[in-house]
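The data blocks that follow each hold one structure.
Consider the two complexes below, in which chain A is the common component and chain B and chain C are the respective partners.
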Partner chain A sequence: MQVFKAMTRVMRKRLLSAMIYIIVFLVISVFIANVSNKDNKFELTKLRICVFDEDDTPESRALTEFIGKSNDLVELENDRDTMIDALYYMQVNYVLTINKGYAEKIAAGDTADLFGSYHIDESYSVVYMGQFLDEYTTSVKAYLAMGRTMDEAVAATEESLSQETQVDMLRVDKAGNSHFSVDFSMYFQYMPYVLVSAVMIVICQVLVTMSRKDIRFRTNCSCLRDSEYTFQLFFGSGLFVLGVWLLLMIVGAVINEEMYSGRAWLAVFNSLIFSVVVAAIAVFVSSFEPKDNVLNLITQILGLGMSFLCGVFIPTSMLSGSVLSAARFMPAYWYIKANNMIADIQPYSFEGVMKCYGVQLLFVAALVLLTLLVRRVKYSGAAIGTSVKKAAVS
Partner chain B sequence: MFLHILKYELKNGLRNKDLIIWLILFPIVLGTFFKIAFGSVYEKTEKFSTIPVAVVETAENQAFRQVLESIESADEPFLSASFVNKEKAEKMLDDGDVEGIIFSGDKLSLTVKEKGIQETMLSAFVKQYSVREKIATDALTAAPEKAQEVIAALTGETVSSCREIPLTQGNPDIYIQYFYNLIAMVALFGCMTGMHITITNQADLSALGARNNCSPAHKSLSVLAGFAGSCVLQTICMVICVTFLAFVLRVDFGDRLPLVYPAAILGGILGVAFGFFVGSLARVGEKAKTAILMTTTMLLCFFSGLMIGNMKAFVAEKVPWLNEINPAALTSDCFYCLNLYEDYDRFISKLITMAVITVIFIFLGFITSRRKKYASI
Partner chain C sequence: MSNTVVKIKDLVKRYGDLIALDHFSLEIEQGEIFGLLGPNGSGKTTTINCLLSLLSFDKGDIEIFGKKMTPVSYDIKKEIGIIMQNVAVFEELTVYENIDYFCGLYITDKAKRRACVEEAIKFVGLEDFRRFYPKKLSGGLLRRLNIACGIAHKPKLIILDEPTVAVDPQSRNRILEGIQQLNRDGATVIYTSHYMEEVEQICTRIAIMDKGRKVAEGTKDELKRMIKNTETITIEILELPEKVYGEISSLPHVYDTSHSDGKLSVYCSGGKHNLTRVLDVLQKNELGFGRVYTELPTLNDVFLEITGTALRDKED
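Take a look at the complex of A and B:
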């Protein structure tokens, strides 16, 4: 097993950079798992709202308090730049000014120009709060028209606006029956980037080193059989990929706080197939024997490219149709598609998931064939003869 | 002699594959990915557009139909309804064609797929309908004689109670800041070219360094020429990067694009100065220096928001002084100020800070790289 031993020695040197990717991924995953909310019940979105009360009357204070009941009130300095910063970085969703004279105007039934809203764009929050304020003032006006006093009108408005509405989720037991919650699917969703980066960085480097001219010639003139050499190379690479995958699966089970069950196994199997795809990509890339800096660039392009185009970093629903049609030619697209189906983000069907597995395996087959082709052309007698001639001439 | 060294420094730099890969190709590739991924996220998630909704009528509800029709007749309607049966509606919701299904009958109910602001708005709309119903019932039971007035107050044409005050004319898309940070990253990558000045002038680090040290050219002159060469190369990279983002990817930098270039170039020179300083600081090998510089650069970019969008706001809240001295944050802040602020005060103050930090790095770089003796190498 000399080849295998030599491989592990090279691997050890590169392990640190691979571990950085894996550790950062795991730390972020643990963090996300801790803050995520596992149940799938509908909740209203709470906005972060800053209120400048220029009127400062019991009526305006009542409104501020009422807004604070279903939203988070945030304090800001009343300064243009501070507001722009807070709105831009979404520290605040809405900045409201209750204009001076609010109480008097509303008591007189005049609802025009009661508030001012500072904004940087016509966002959903701006439209939503605009509608809310209109609804609030219209209701107060209606109760005042009934002959109620201001206090009563405000109290009655708050009561009617606090009614519960029936809102159902399309699939209530998303997490319950499938044993694979949307939150946990995030762990599997980000995995392709880590697998590509960590596996490529190590495997490519090792394979490129092993096929360096002097090492290859030395191995070729040893008594080791070609098939034995290839077997040891594959064994070493496979072992590493399997190790990385197994580590991710074990930590995944720990983060999920239960052993995989039900549909989660499909996701586990999906990630195993994707690991094989990544290994095939690594073997293919390394057959071109790229230099260190070029290899780093290829790794980054493949990792980031697949992640951005196929829905690893950004949900597929956010990507445009043309991007997704281009992404179909990349294995990560099918991995993510299967993962989304398993998590019920897209409609689930067993056949659909199997189809995604199948396409990924086809990628493996295509990559293996291409690798064989490249190696045959590169290492054939004719090619070596040409390179020897070239060397002799120079 | 200065021009001679400068010429070779430039020739050397332009033939350096690392420089072409990491300062020109990588930003182009990453910028393209950013554009593909973040190009339409803001439009889809933050910027208001009509919310599509499916309506399933479980029983005849003429009044609700009328409400929907009057809403849809507006210029920019809040929602657009399609009346379908339950199966079709669920399919539409699943496929993402609509944001929710309103079941209209004696009572209204809503079914959604996700939790977000659009769904909250739909729920508020459904609630609004029952609020109006309650007020009308209250009026009929408590003061039937005033019912007409109440209904007039509820249904009358009302002007909006809220006046909208736009704060800026700039591009409010938060995802643009990934591009700002990409430029900041390229600027800081200038440290790699900056580091090479010391590598080629330190006799124990490279053969070229040894050769340079025994040449009759004054050391300060050769270092200065090296620094000027690096600055020129970095300027070329910054110009390519900004031009690619602004004209090929069509990233909207606001209406002051000509000022983005000098800010980016100053950021690049700051990067070179940073590399020059770190490079001359310690007598460690090239690999160790590269590792130190790359780690620091990525860390600075992380705190400036290259990996997480609103990191800078988080830092501003917890450790505000970090944003004032972090070169990556300073560079990306320049673009942010140009885009969103009407005046130039903060932009100029950022530029001055960057210039001061650059001068400090250059000064310290010269101090630490002078008078190095090599007894044996």
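Take a look at the complex of A and C:
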């Protein structure tokens, strides 16, 4: 395995540039995951509420205390302008006044005009507090009607309203089957760019080094069989690509804990196929033996070009029809299409996802054939002959 | 049992209308340092490429160690070491790793390979540089590394394709001594160059190539015997009367003379005491002269006489 060993040594020298892409990607993924967690995960929120208790009875104080348990109580000057300013500058979300006679009215079963309030119209805090006060008074009224004393009714109401419901956010398909957490598709969305950049920057440079004319000449003169040489090159390249892919999958699982469930496995498989596509692109590009600066340029053009045209950076829904038509000739388009279907961004169908896999594999086959063709032309006797002839003429 | 290591018979290689090798034949015996001498474009590298099956050819046969050479003759390739004009090493590997890599293409046994690599490092004198990367090595050291990569697996046939191009004289001498040492250790060497002095210095047998053809072959003495010139006498003399010039030209064994820039050149073919006779003529005519020196024929003279042009002229 001399060739493989030399490859890994050459790779070591190039790993840093690949790691930069991977680390930047992972940092962005962690950031997105955190933002996404806030957007898509249920969390009890507290409102900042100012309560003016004009009734000042044990019942009204009990209500104030109960409101304070699940919200932040804010003290304000009992002045209209002050309250409006506080609402405007979002120092408070809601200003509640417990009207005088609250205890008497609720004991009599009258729930009209118990409260007054200052709030911003159509805000969620209005809805929340409206529902809360309605539930509270209705519940107390119901317990009193059952023959409980006021203290018992208030205690029972507080107990029942204190119960929290466990909420899990899941994405479900049309049939109502949940398949994976909502963070998942975002992680896979940006993967093509990092795969193209990291894999190409390493594999191309390594293969170009291994195929350098003089080294290739010396290797061809040795007793190492061509097939074994090619196998070791493919093995080394494949192992690197698999390593990068595995790293991304493992880190993905750490960032998004519930990543691997249900339909998510289709996205995992999709990314594996795309990794093979990228490896094939890298092998194809390296067969032209580009210089380092040219290779960097090609990597950026391919990485950014596919990312912008195929919906990696910009959602496909925002891309024009003509751009999408052109993008169909790029493998990243089919990766994103499959990813979108799996994430229900586009209508999901198993056959559709399989078709996207198939098209990506066709790209692999085409690239392998083109690579063989290029290498055949480059390394055939005729090609060597041409260079010899040039030397002879010069 | 035949000792022929390389046998090339009637090799023809064409590039369209250009004939790179024109019915080229050659036999190299075991233990020889065989020199392929010729100007750039004479077909030396094409011959080597065909020999190594890196290049297909139109006609002819090539046998190495008595077996037909093909691209898949791995048993033959195992016994061949190649050292090219360009340094073929990995910039990313150290001196040791580079030699280990190329040696590993032939020897899979780790312990055996380690011993071979160490021996090669010692042979080329890179003991203090084993952890160095090639870009840290000087041109001469790089050439030595190049040689170590080609010989570490102890090949029986070593092919050196102009290994001293653009090498300083000190490193060149070291390389040439190394080649002779490899030969003493039992390797047969094929050495291609357009530097006549090198070929003359180390090669036991030489073939001169021109325009894809072998124009002469033999030991350096045999080659020199093929030409008329055996001695060139040069005398610094400012004025030379026509009569004296004619007298010298008519001396026995003198086949050509010239007088220009205060130098009289007398070309002799065979015979003894040619210098004494020329000096006698000058003294008899009471002509004063400066430095006197004689030169034996060089391979350049051989090449000049056989092809009609000087080897160095053709390089340009």
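Just so it is clear, the second predicted complex is superposed on the first by the 249 of 394 C-alpha atoms of A that agree within 3 Å, B and C clash if a C-alpha of one lies under 4 Å from a C-alpha of the other, contacts with A are read in each partner's own complex, and residues count from 1 in each chain.
By definition in this document, a residue touches a chain if its C-beta (ideal position, glycine included) is under 8 Å from a C-beta of that chain, and two chains touch if they have at least 3 such contacts.
Remember, predicted model here, so these are calculated numbers, not experimental data.
By the touch criterion defined above, A:S123 lies against chain B but remains apart from chain C after alignment on the C-alpha atoms of chain A. Residue contacts after overlaying the shared chain place A:Q131 against chain B, while chain C stays out of touching range.
Once the two complexes are overlaid on the shared chain, A:I215 sits against chain C while remaining clear of chain B. Of the two partners chain B and chain C, it is B that touches the larger number of chain A residues. Within the superposed three-chain model, A:L224 lies in touch with chain C and out of touch with chain B [touch as defined at top].
After overlaying the two complexes on the shared chain, residue contacts for A:Y143 are found with chain B alone; chain C is out of touch. Listing the residues of chain C that touch chain A in their complex gives 15-16, 18, 20, 40-41, 43, 45-46, 49, 52, 54-56, 72, 74-75, 77-78, 80, 82, 84, 86-93, 97, 101-102, 104-106, 149-150. For chain B in complex with chain A, the residues that touch the partner chain are 17-18, 21-22, 25-26, 29-30, 33-34, 36-41, 44-48, 78, 90, 93-94, 96, 107-113, 115-121, 123-128, 130-131, 134-135, 138-139, 142-143, 146, 149-150, 152-154, 158-168, 170, 172, 174, 310, 312-313, 316-317, 336, 340-341, 346.
Note for the complex: chain A touches chain C at residues 2, 5-6, 9-10, 12-13, 209, 212, 214-215, 217-225, 381, 384-386, 388-389, 391-394. Within the complex, the chain A residues that touch chain B are 42-45, 47, 80-81, 83-91, 96, 109, 111-135, 137-139, 141-147, 156, 160-161, 163, 165-171, 291, 293-294, 297, 300-301, 304-305, 308-309, 313-314, 317-320, 323, 346-347.
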